[in-house]
Structure formats: structure tokens, C-alpha cells
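Inspection log for the structure reproduced underneath, given as C-alpha cells.
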Amino acid sequence: MRRPTAAVFVLALAAAGWAAGPGPSPARQAAPPAGTILASIDARTDAYAAVAKQIWDHPELGFQEEHSSALLQSTLTAAGFTVTKGVAGMPTAFTATYGSGAPVVAIIGEFDALPGMSQAAGVSERLALTADAPGHGCGHNLLGTASAAAAIATKEWLARAGRPGTVRYYGTPAEEGGGGKVYMVLAGLFADVDAVLGWHPSDQNSADASSTLANIGATFRFVGTASHAAAAPDKGRSALDGLEAFNYMLNLMREHVPQDTRIHYVVKKGGVASNIVPDLAEGEYQARHPDMRVLQGIWERILKAAEGAALGTGTRVEHHVTMSYWNVLPNETLAAVQHRNLTKVGGVIYSADEQAFAEKLRATLISPGPALGSQAAVQPLRSGLVGAASTDLGDISWNVPTVELDAATFVPGVPAHSWQAVACAGSSIGIKGMIVAAKAMALTAADLYSDTTLIDAAKEELHRRRGGAAFTYTTLAPPKPPLDYRR
Amino acid sequence: MRRPTAAVFVLALAAAGWAAGPGPSPARQAAPPAGTILASIDARTDAYAAVAKQIWDHPELGFQEEHSSALLQSTLTAAGFTVTKGVAGMPTAFTATYGSGAPVVAIIGEFDALPGMSQAAGVSERLALTADAPGHGCGHNLLGTASAAAAIATKEWLARAGRPGTVRYYGTPAEEGGGGKVYMVLAGLFADVDAVLGWHPSDQNSADASSTLANIGATFRFVGTASHAAAAPDKGRSALDGLEAFNYMLNLMREHVPQDTRIHYVVKKGGVASNIVPDLAEGEYQARHPDMRVLQGIWERILKAAEGAALGTGTRVEHHVTMSYWNVLPNETLAAVQHRNLTKVGGVIYSADEQAFAEKLRATLISPGPALGSQAAVQPLRSGLVGAASTDLGDISWNVPTVELDAATFVPGVPAHSWQAVACAGSSIGIKGMIVAAKAMALTAADLYSDTTLIDAAKEELHRRRGGAAFTYTTLAPPKPPLDYRR
Amino acid sequence: MRRPTAAVFVLALAAAGWAAGPGPSPARQAAPPAGTILASIDARTDAYAAVAKQIWDHPELGFQEEHSSALLQSTLTAAGFTVTKGVAGMPTAFTATYGSGAPVVAIIGEFDALPGMSQAAGVSERLALTADAPGHGCGHNLLGTASAAAAIATKEWLARAGRPGTVRYYGTPAEEGGGGKVYMVLAGLFADVDAVLGWHPSDQNSADASSTLANIGATFRFVGTASHAAAAPDKGRSALDGLEAFNYMLNLMREHVPQDTRIHYVVKKGGVASNIVPDLAEGEYQARHPDMRVLQGIWERILKAAEGAALGTGTRVEHHVTMSYWNVLPNETLAAVQHRNLTKVGGVIYSADEQAFAEKLRATLISPGPALGSQAAVQPLRSGLVGAASTDLGDISWNVPTVELDAATFVPGVPAHSWQAVACAGSSIGIKGMIVAAKAMALTAADLYSDTTLIDAAKEELHRRRGGAAFTYTTLAPPKPPLDYRR
Amino acid sequence: MRRPTAAVFVLALAAAGWAAGPGPSPARQAAPPAGTILASIDARTDAYAAVAKQIWDHPELGFQEEHSSALLQSTLTAAGFTVTKGVAGMPTAFTATYGSGAPVVAIIGEFDALPGMSQAAGVSERLALTADAPGHGCGHNLLGTASAAAAIATKEWLARAGRPGTVRYYGTPAEEGGGGKVYMVLAGLFADVDAVLGWHPSDQNSADASSTLANIGATFRFVGTASHAAAAPDKGRSALDGLEAFNYMLNLMREHVPQDTRIHYVVKKGGVASNIVPDLAEGEYQARHPDMRVLQGIWERILKAAEGAALGTGTRVEHHVTMSYWNVLPNETLAAVQHRNLTKVGGVIYSADEQAFAEKLRATLISPGPALGSQAAVQPLRSGLVGAASTDLGDISWNVPTVELDAATFVPGVPAHSWQAVACAGSSIGIKGMIVAAKAMALTAADLYSDTTLIDAAKEELHRRRGGAAFTYTTLAPPKPPLDYRR
């Protein structure tokens, strides 16, 4: 872990002046026009860019985002938010609240980095800044910052409008595996929330009523009895046998689960030396499906396969769930509003330099799907899509109406979790996409305060999609946050 | 089942004259010389040959040996034995007893045939008498008859000697899978027996203190849930998956059992049509080991593998033990006596015709091991050998001191369960080997009555080999005789 | 095989009068109205019902449909068609042609039954007419007859219209596995055809641009080396090992094929006795995918898995393809026309008796999906659907623009290949559905002759869907029709 | 690697005086009595103990035994041997020769240590001197030194006897895996040798005509195609699938190899992260059998299983043989001589302190087999035994008559490769066992020079056991010594 530099404090001081920003009117008045929101964000683009760049410069892994979290907290505090930190048992989790009463609109921030993805910004070749160090391959430096910008602009609009209502920023750690949001949900931190706005860095601009795959991950460890493999193999019980029998039954199971299920695994420990019957074998396993409720049923069967393998090979098995993310429950009501606002904001326009960089970067991709230029457009509104990714935003979405948008922070064709994504997330292209996201979210928040029938409709849709009153949110996640999962 | 012909009755009448045979002396006297035993058997060779031929002509499968059993009963009754039939819940099982008091010497007879082995006698090519019909591929037509001859000669000697003692013939059905002897042991029919003499048709003459493999066989049936394999495979649970997972774990287990274990299986039912997820799958399994007590431990693990496979594949499993044969516990004390007597009797001398037939028959074998001519010799006494075969004589041998000899009823190189064996068992070569066996057993019985310290020593050896008083005979065999196992 | 009764000849005589039927006008004139088509079919409903009933009464398996084929041939001959029989090397395949020149419209007939499906007609319980005998569980008795009715009505319209054009009935045997149409395609019998009309009995009325799954089926046979499983397992090479290793790799492969692929198998031969290492093992395998071109690639991998399994287990493998059906390539151009005409004809109206029967029959179903009454409606036009079934109509559809419709010959909820389907196919309900199909097809044929731009558009669509000029039709089907596949 | 201390040089200086030792007579004379051999070794016990302790103090892994090798070289040079170092392409391999002409008797020395076995000497608890550092768990510090002592005593005897003949010490590195002897054989270094004497530290004294298991070890690496396991598993080809299919077929193969075969493996690389289809998987495999010629046939089948697995899973496989050790071919002729001399020398007599240490050490063993006190005896001569271990002495034994003895350097019950063995090998107990071995080997060498008919008989036995003139020595070992196998 590197130490934050003095720059953190400089930024925080700069941010301290924001509360006086473009100036909210103290008196009640008709809802201020959207233009003031856009102007508020435009006016502070450089400051937001500096925040995003600092986080990018100091990438921190899940649950270890001390300085990234602190920087966003100070930014929001400086803008007039009240921060509660260390919530839900996670030192780097926090909420930042402004206003009071309903409606309560939540805006979600993330800020964790990925291991081994260190990469120089704005260059079109693989070049690690620090070998094996983390990097922002998923653009969460932009994610957390844009959401803060959206929250601040919303706060100003709310103040200017003189309406009741609360805007709350959620600083959610460890999206890349630790599942910070799950614990914030379990801690009841979303109990009073009416709608949730999130976004994610992408190579296009879109606001769909789309979903993700629910995802359960675990480590399975088989324990056997060691013996000399040549002299006394009959005295041994191979833990690797247990693991391989488990894998075999998982592969048989593939035929007998819904076809959009995914089961995948790797073997992490498979014995020490070939002349010793292994007494320990361990693998990492994941199962995914578009519906967590279906997935939980499949997971029960996976556990039985593990038990059956242990029983049949004279070994013992234990498993530790490391991740449990619900699929995102789409909300067409909110998606329609978000899409309208994203269209209003528009896409990302490249400068000549950015265009040149984008072209070079695309030359490093094997088959860049979307055409260059598509970053300037907003995709049509779609529904029914299910992405192959998984996110702990899913857990929120089954408790509160949630909408997510994508903004083109990456050059078209650049996938998340690539060095190219890191290079974009640290460049002006990333900043431009981040600003698009901030504006679209703030406009949507304003719409929700202005017309609370939207919230009613969104809640009604959530109720319906969950299958009515019978729904109960449950999770297989470990009871306490796995704070050391990246150690 | 074919009906016995009138010949059966003719033979029985002929046998009726036997009780007056070479004439026992009513008065007590010194033990008669062995020569009288040999003479007794020689004098009736033709009658015994006729019995063996009738059984060969009417081969009957295990537990269906009505006429074979009846013929042996009538032969023994005619010779003065008292027959009890239908013992131990098996219609074709019987005992035939002569004399009273200790020592009680048992002589074991078998008479079941093998399915599909119909073959013409004395011809050197594959030629079924009746397609797919049974045949005496294991020479049990000779086995049951030689043992009867030995019992009769023993009875005459005993009568002549005027000694106390009992000779008892055991008519044991279904050696080829049903395990008649197991049920006779369980019924307590060997409770008063001091020593057991058995023999088996072979291609050599020997009397070793050798053993066999303990053997447990079972049917495992997996039950799943059928569904359309293209339209709804996720609704199905494949019984074949269960079976294949079981097999997989058995194959893993091979590394972790003693190396002289055997596990083998076939798949008998593996689904009906490829577009239906199979709801039924079934296999036949056997496990063997030189020591039943070790094998029972391995069997426990096999059952767990089956349960584990069912658990892991969402299926259900049931199993039915079809066979449980203990390994033969050798007795060196008895083997030494038997070997001495076999050596006294000598091997089988071929006529010119028999020699010509033997040469032709050997030409049909891929690699006939022992040399032609070796049937005339007696092999040296060996101990410590373990044959790959299995027999329900094993179950007797753990309860009473038991010795078995081999006699050369088959041309050297001819293996049991071959058409060549059927051809020999129905020819004069088979009869000659049968007479060797009868003589050697009767001589040994006489020795045991004459010197009961041999029995004491044999019992002491049994006690020691079983591991002392702690031994308890147990069996995994089905509680009742599987009378329909060949139906 | 049962002999057809005299009724066949009676029917044929009756049919002889048809050529003079409702009377075509000798002179050229404007296209006759659709009403004449409907009237033509209505007028002969009883005769068609009699044909369908005769075929139902004499169900014949694939490639053995001697009398069913002969009856349809005589019906068409009597109506003025020229029949060529025994085409493409299949004794029961035929074509029946009327007219000359383009456009050539093909109408497809099928007439094979399913094994073991014998069932009384019009009764609401399982009741086989002849135990284990075939039955029309797929309603092909109706299929072949309705298509003949459509061809005859089309011929009359064509004659009356005085237009150039050809209508050709294809008598296609062995749809249930033998793939008669594949061989008719390979023989070039569709070379001059402009459009193909087919239909299938169903429990609803619809004409969608839907598809089916391409399907390749084969027998894989592994050959090893037998040996005694206890005495010399190291001398054996288990064919069952080969099969199980093949299955193992297929199950691994499931993860690495497109998720809408299906691979399913059963084990038909897995060894004879557990004490013999199996030298023969055999299974039936199928693979399916919505696109035959993708499936052929997957099939290549399946063959490699088989080879790899043989290589790795010291066995040998051979396979015999038993079925290769392309997915149906939908044609939206033709589907739109067909749907319009089906809507014009309307659904099936039950009498009170039929309603009562339908209710009783539905009571035997576990969960009848569509509501009773839905048989009276026509479903909206859909596209993009892929059914889980497979048909050799697929092979035609990649060579000529093809459209298929469903007509409600079965009570709503009754699945094909059920005894309930047999019961419907032999009852008045089946006949009513058949008439709906006949009318809709004939109307569509008339439209195609009347407006040949439809054919041009359909061909253009076919060209586009096939991927342009580069497409070449290939098949993995056996080179000659497997005429004995049901023997 | 640690640097040798000054002690090395001190020892070498001391050794320099040895050549003048007990004094060989320059003139020819009758063979000197065995007593002079024993006296020669007794006289230098302290010096040999110092050499053994130095090597123990500086344990070096295979092919890295720079200082151990140098110390033995200087010891032999000082004693009048001519050293050739760096032979057969291995820097730490050497020969040390004295005398000329036939017979040539080779004495084998080893000196490599085992990884991770660092342990304090003479203490009865686990106590590493340096964590994770190597240690002499196989007692090779004693092995190399005793052989040097035997060679020196032999040289003196030879000089005193005035006979022609050569004694040659072979400094053979990397017995624990690298197979130094294999390369010395391949380099022809044993071409002129008439007999080979070896020994090994043990917990008993014995000289049997026993054998070991031939052993082939290899790394198998499967290479597949990576892809995102949730988004595009069909684009991936899992290398782990390849590895698991290979393992599956190996487990099937267990039934079909001779029962005394061993196949064992561990998985070393089984994928990086569960959401990526693994493109690399790697395992370590070993196969063993009492006869290398049988094993080479099995190895061919193992290679085919790997190829089959790759073929069937769309992956690629490569393998690298890391070890190929022939089974030791026993020589009863030499074993009889060696056993006689070992008996003459007698076993190891413990002092009171040693006895106390031995008792404490045995208390740390779970079930110490042989009784304390058995180290003082010499075991009876046995033949036909096959140990479960493997050694590259096997490769020599198929080229030259070879005999090996065991001496009780370890407390009875202490197994090789245990910390207890390290503790013994560094203590006075180890030294005493070493002296027993040195004496017995030197006596045997003297016998061979004295009676060359023994060598003729040993060669004749080798010829016969190899199967006559047809035998050709081949090896699957890598063509060049794997000098970096422990790096």
C-alpha cells in the first residue's frame, strides 16, 4: 500500500470552496431548469478530473481503499454533505447525505482497483507503471467521482428548488469481489431510499433496463489422507480424487441446468509432489444465472455434488462462499427517465489528439466491435438484455428501484479489465465520459424530486418484478465483510 | 427345463445293487488297506461314468438342477446313504449320510451347469448341441459324481473297518453364482463336521494349500427423472450420470485399495433412446480380494461411492448383492494328507485315441500352457498360492477345515468355462480324471478316520489362520437363497 | 406388416371421379377467386377423411409405408396427377405432378407412423389396438392427406385459371428418423421448385417464420480386447472405458459449445458379464443446434473426442451417422402470405361431442398449456422462434424457400408423440384440423402463382439468410437411404 | 548456496597425509588378510566422521553439490587416487581411480541432500537449523564418505597384495531426481567395469538380492485457449479439461496394467482465476513398475492417453520427462559374497548415550517397525524382494553386475526422508553405520580381486537375467542432464 501524497490535502482544500459554488437560492421557487445542473458540473470539471486522477494515481484494492474513500469523503464534505464513515463494518464504506425527508435518492459510488493492472495513462501500448501493482481497469476512479459530481449538482438543484428531499451518496467499497453493497443492504442503509442511481464506465453511452448475471463464488477444499504413492497408495485417500470427482459431477450437471447457467472453476492446489498422495486439494468455483433465485437452487445441487464427491472418495470437503451477487433487477420506469436525460446530455466528442489516441489504441485490439465515433451517440433504449457481468448493485436493485447507465469512458471496442481500459480511465477521454454520466444522473435525480409519481411507478414495477409481497431478500454471502479477501 | 428320460430310472435301479457291492465285513477289525478303496471305485467306474454322462446330457442351471440332484440322491440312496433333500431352503440341495458319531467327514458335490455353453462331447471344434442352451463348462457333472463315488467307497471302508464315524455327502447347488453352500453353512449343516473334502475339475492333478479370491457381486440401479433431452434437459436428472459418476469414483478408488483387489463392472441398462434423459441405469459390479475381511471394508467404500454418486447427480441408488463368496482358507495339514494320497493314485493315462483327441483340441487353443503329458503327473505340493477364481467352498473353509484337490479332467491347457472344457467333461478323458479325484478323496477320508490327530491339527490350524477365537463368520449374501438368479 | 383391405380399392375408385370434380373451365380467364378453392376442399371432405382414416388404420413405420404411399399415389393419380414412384432410391417415395412450366410449387406429404404407439381413436384413455404395434402419434396420416387435398385444389384452381405453372406433391417417407427428404434433395428432385409448402399437425393454428434444431445422430461403437476381469485385467482393453472416456469428454465439452447446443446420449451395450473385460460398447448419440453449420463444427469436435477416447484407452472406435436434419430456415416472405391465408380460413370449431371428448382428454394431461378453445383461433404471426423439434423439412428449406404451418388437429395441450395425439389423429377433430391446413396451403399456392414477385422476394430472402452465393448444402447423412432403420 | 568454511581445507590437509596411512607394501605378496582392511578403516574413523559431518553441515541439492563433491575428491586425491571431475557433462560428477587393468571394481558414492529437510543432529525433536533449507534426510553424507573409505581401504589392500586390478570411486550427483548415474552410464564410464558395489543408509543391516521399482517421471502441460468463462465459454478450450480428461483415462488404465504398477500425479497449475477459461494446466506424473521394460510399454500408453485427452478437448499437450530410473537388477552371486562379508563385520553397537537417544527418537515415531536392538544384527540373506523405492543405481545394474547393501545408520524404525533420519545422519549413530558399510564393501572388493570366478559368475547371472544377448539398454531420460532441476 502506498501512502497518499500531500496532493490529497491540496485537493480537499480546493474542494472546501465548493459549497459556495454556483450558488443555490435560499428561497423556495419553481423547479430550476436542467440547465443549471449541467452548468454546475461543467464549472467544476477540472476539480472532478483532479479527484479522478488522484484516485487513478493511487489505485487501491477492495476494502483497502483508504485514501480513495477519504478523498471522496472530503470532496463531499466540502460540498456540504454530512459524511458517516466506516458503515456496515467496513472501514472504507461511507454515506454522504444532504437534505431531509422524502424522496430519498441514492447515488452509488465505487472506487476499488484491480490487482496487477498497473498501466500508464494515455499511451497505446502495454506499459505498467509498477510491475504487478493494481490499476483502475474498471474505471472506478471515474465511477466514484462522477457520482460525487452528480450528488453535488443534485444537492445544489435541491437547495435552489427549495423542495423537501434527500440526496445520499453511497461510498461502496470492494465491488470487484468483496461485495461492499451487500453489507450496506444488510445493515439497513437503504431502508429509507426511494430510488437508486448508478452508472458504469463503458465504451458506449446507454441507459437500458438491462440485467446482469447473479453470481455465487466459493472456494472448495478437499481434505484426504497423505501416504507414499508408490509404497502405500492404499493407505492414502487423495484429496485430488475428491476434487476431480466433484468437477466430474459438475460437468455432468451442465446438461441438467438451464442453458443460461454458467459453472466455471480452476484448480488452485492439486498436490505437492507426485510421489505423495495429496491430502489437500482446493479449487475456486463460480456459478451464475440470470436469476439469483434459480441460482440458489443450482447452488444447493453444487453443494451436494461436493458432498457426494467427498463421500465417494473417502475425503472431507469444506467450502467458503467468497461472493454472492444478485442479478440486477431492471426497472423500465427509471430506465425511460434515465435514457431521456442521457440523450439530452449526449455522447463524448473527441479532440483531434483524442481521436488519434483512440485510433492507435484500437489498433491494439483484436476485433474492436463498435465503430469509432459511436462514443458520440447515445444508444436506443433496450430492455430484456442480460449482460455477462455481475455486480453487487444487483443486491441493491432487489430492495430499491435501481437504474444504471453506461457512459463512454473507454474508446469504442475497449473492454473493461484490460490495460487499454486503464489507459483510458487515466486520460481526458475517461474524464469526458465521466462528465456525461454525472450530468445524466443529476438530471434524473431532479426529475424524480420533481415528479414523485415516477418513484411510485418504479416501486410498483419493483414490487411486480419481485413477484409480489412474498419476496424476501436472502444472500449466501459470508455473514461479515471479507475484509481481507485481497490480502 | 428338459424332462429326464427313462435312463434315469434304469441307472437308479442299477445303483440299487451297490449296497451289496464288494462287501463290508460286519465285524470289527483292523483298518482295511487302501487297496480295497481303490478296488471299490475301479469296480464301478462304468456306473459312475453313466451318472456323470447323464448329468452332462441334461445340463441344468443353478437352483434348477432337479434331475441332476435327484440322480445323485438316488445313487447315494441305493448305496446305503440316508438322504435329506431340500435343505437350507433350496429344493435341489441335499445331504446323504452314512454312519454315526465322530469324526464326521464331509465330501462336497456340485452339479450345476453354465448358460450358453452347450457343446458336443469329444469333438475338437465348437459345435453346440442346442443353440444357447447350458453346458457343463466347469465339469460339475464330474464333480458331483466323483464325490459320490468317494463317499460310497469311504462308506464301504468305514463299514469294513468297523470304526465309528460318519461320512456325509453334501449336494450343493448353484456354485456358479447362487452360492448354495453359503446357505448350507448358515443353516448350521456343517456344525458337526470335522473335515471337508472337495475337488475341482482341472487340466492338472494337484493338492495345494492354495486359496481363491473372496468375491462380492451386486447390481447397482440408479433412478433419475426422465425428460426430453432437447426440449427440457434441465428438468431431467440422468440416472446414467449417476452410474457414470459411480464408475468414475470406482476407477479413482483403484489407486487406493490393496493392489491385489479387483473391481470390475459392466453397464446393463444405460437409457432407452438418446432423446430422453434416462431415468434408469443399471450395472453389474464385482469386487474381489484374497481376504474377505479386507474385501468387506472395500465394499463399504464402494457403497459410499454409489451413495456419493447419487447425491451428487440428483439421483437415487439401490443395490442388490447377488453373490458373496469368501476366499478359500487353505489348510496345510489336510493338504499334506491329500497330496500324499493323490500322489499314490497318480495322474491320467491317455489311450491312443484320447491322445489324438487331446492333440487336436490343443490345436484350437491360443497358447496352451502346460505340456501335453503333464496330465499323467501329480504336481508338487505348493502353498501360498491364490487363484483368480472364486467359489462358495470358501464359506465352508472358514467354518470347518477344508481341503480341495484338482484332477486332470481337461486336456492340459484347456481352461474352465470353455467349449473345450465341455467337450472334455463329456468324454472318457473327463471320466478318467473324475476317478482320480474319487480315489484320492476316499483315501484321505480313510486316513482321517484312522488318525484323528490329523483332524485335531487341522482344526488347530484353522483356529490359528482365522486369527483365534475372535473370528465371527459373517456374509453379505442375500438373506434367502436367490433361487431365481438364473431365470 | 398388415395388408391393406379392400377399402383401399374402393377409395381409389371413388377418387377416380375427382378429376371431373368441381370442374375447371377450359378457357383462360382472370384468376378464379379463393372461394372456389375452399369449396373444392369442402366438397370432398368425406373422401379425404376416408383416406386419412385408412392410413391411420394401417400405420406403417418409416420406409415401410407401402400401402399408405400407394393410397396417396392412387388418390392423386385419380385426381389427374402424374405419379413417379420409388424416387431417390426409396420404394415408398414418390412425386405427383400437374401442369407445366414455372412457377413450380411443391406441397409436402408425410405418412410414416411411430413404433409402439398403437391407440384407439376418439377414446380418452390409453388403449392400444395392438400391443407394441405402431401408431400415428405425429398425425402423419393427416399430414399426407391434407397435402394431397391442397395439391388437388391447387391443380383445379390452376386449371381453371388457365395459367402456366406446376403443382407437385412430394410423398416423403421416413420423416421420423430415416430422412427421406434428404435423399430427395440430394437426388435433385427440388431443382426446379420455386416454393415449398408444408404443414404439421399441432394443438394450435399458426404460420410462423420459425425454425427447428438441426440434428445429427449417430451410433458410436468402441471395440476393445476381452479378458478375464479377475485373472488378467491387464491383458484386456475395456471398450466400456473407451465409451466412458468419450462421454467424459463430451460432458467437459458442454461448457465450450454455444449454450443452445444439445448433446445427449444413452449407453446401449456396456458389456456382457462383470467378470469379463468388455470388448464391445455402444451408445446412441445426438447433437443439436439452431444452425446446422455451427452443428457440423461441433460434430467435428465430437468425432475428435471419440477418437481421443479410443486413443487414450487402447480401443478402437467407429461411428455410423443415423440422422442428419438441417434446422428449418424460416422465410418471412412466405410466412406472411401463409399467415394471411390461415387467418382467412380460421381455426377449428368443435361440436358438442368433440368438446366433451376434448375435455376428457385434457383431464389425462399433467399440465395442458393452451386453453381449450384456442383451437378456434389463429395465433399471431411470430418470427425468431426456434422449436426444440427437428425435421428433414429443414434440408429442403435451405435449398428452396419453404414455409410450414401448424393446424390444430390435436386438442389444445396434447403433445405430439403421445397416445392422446394418436387418439385425436384418428378422430373427427383431427380431420377438421387437416381441412384447415389443406385450405390454407392451397390458398397460398394460388397466391404464389398469381403474384410471382412473392416468389422472387422469397428467393431473395433465402439467398440472404443462407449468407449469399457462398453457401453450399452439405449433409452428414449416410450416402444411401437407411431403408432398414426401423427393421 | 552457502560457502564452505575453512574446515574444508583443514580436512583436506589432514587427508593429504593418508596416502602414507597404514602403509602398503611395495612388493607383491599373497593376498593380505581381511583384518588389514578392517584395521585400515578403524584407524581413520575420525577423519571419515569429519568428512561426513562437513557434508552434513553443508547440505547441497542435486547438481549443486560443489563443496560436497570437492571434499570427497580431495579426500580421494590425498589417498592416492587420480580424480577426473566434471564427467558426463555434470560439474559435480567425478571418478577417482587407483590401479590398472582388470578386474575393475566400482564403488558408488552419492552426496546430494533433500530440500526443506534442515534439522539439528542428535536431538529428538523437529528443529530446523535453517528454515526451509536442505538437509541430509537420505543420509547421503554418510553414503559418499563410506564409499570413499571403502575405496581407500581397497586401494591399500590392492597395493599390499600386489595384484593387478583397478578400484574406481564414482562420485554420482543428484540421485534424488536428476539421475546423475544415468548420464555416467550413457557416457560409457562403466564400460570397463566388472562389478559395482553400492550401499544405502537404512535402519537395518542387510545385503539382499533385492530390487526396486523402475520409475519414469514427467511434467505434462496442456495448452488451451483462454476466454471469459461467463461471457464466452464457447470460445475457450480449457487446458484443465485436457488435464482432467488425461487423469480420467489414467484412472481407467489402472485396471488394465499389471497390478504392481504405480501411476501417481498431482496438479501443479490448474488455472488462474475462475472467471477465465484456463489456457494452461500442468501436472507432475510418475509411473513405476518392477521391470523397466514393462514400464516403457505402459509409458507409451500413458503418452497416448495424454494425446487422446488433448485431441478430445481441443487442446495441445507437451510433456517433459524429468526422471527415468531402471529398477535395480539384483545379482545373487554378488549378494551372497556381500552378505557373507556384512555378517563378518556385524551390526551397530550403541553406547548408553546412543541408546538413550534412540529410545527418545523412537518415541516420536507412530509405529516403529523393527525392534530397538535389531541394528546390532545382520538380516538373513533374502532374494526376490522389490522395494517401493527407486534409484538411478538401477541404470548401472543393467549394464554391470551390481550389489547394494544396507547399513543401520538410522535408529530402527526411522524411515528415510524424515527429520529423524537427518538427526541420525549427523550423529555418532550414523557414523557407526557408515563404518559398517565401508568395511563390508572393502571386504567384498578384496574377494572379487582374489577370486575372479565370482565376477564371471556375476556376469553370467547378469546376462541371464537381462534375457540374453538381445538386451539393449535404453532410457527415456532427457538427453542432457537436467542440471537445473532443483533451481
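Order of writing sets the chain letters: A, B, C and D. Residues in each chain are counted from 1.
Going forward, contacts are C-beta pairs under 8 Å (C-beta built on N, C-alpha and C of every residue); 3 or more make two chains touch, one makes a residue touch a chain.
Since the model is a prediction, treat every value here as computed from it, not as a measurement.
On a Cα centroid basis, the chain most remote from chain B in this structure is A.
Across A-D and B-D, it is A-D that has more C-beta pairs touching. Once the centre of each chain is set as its mean CA position, chain B and chain D turn out to be 50 Å apart.
Chain B and chain C, compared by their mean Cα positions, are separated by 58 Å. Centroids of chain A and chain D (each the mean of its C-alpha atoms) stand 58 Å apart.
In chain D, the positions touching at least two other chains are 233, 244, 248, 252, 255, 259, 264, 277. Listed in rising order, the residues of chain B touching chain A in the complex are 233-234, 236-238, 241, 244-246, 248-249, 252-253, 255-259, 277, 301, 304-314. Taken in their complex, chain B has these residues touching chain C: 213, 215, 217, 228-233, 240, 244, 247-248, 262, 264-268, 270-278, 281, 283-286, 288, 388-390.
Residue ranges of chain A in contact with chain C, taken from their complex: 248, 251-252, 254-255, 259-260, 263-264.
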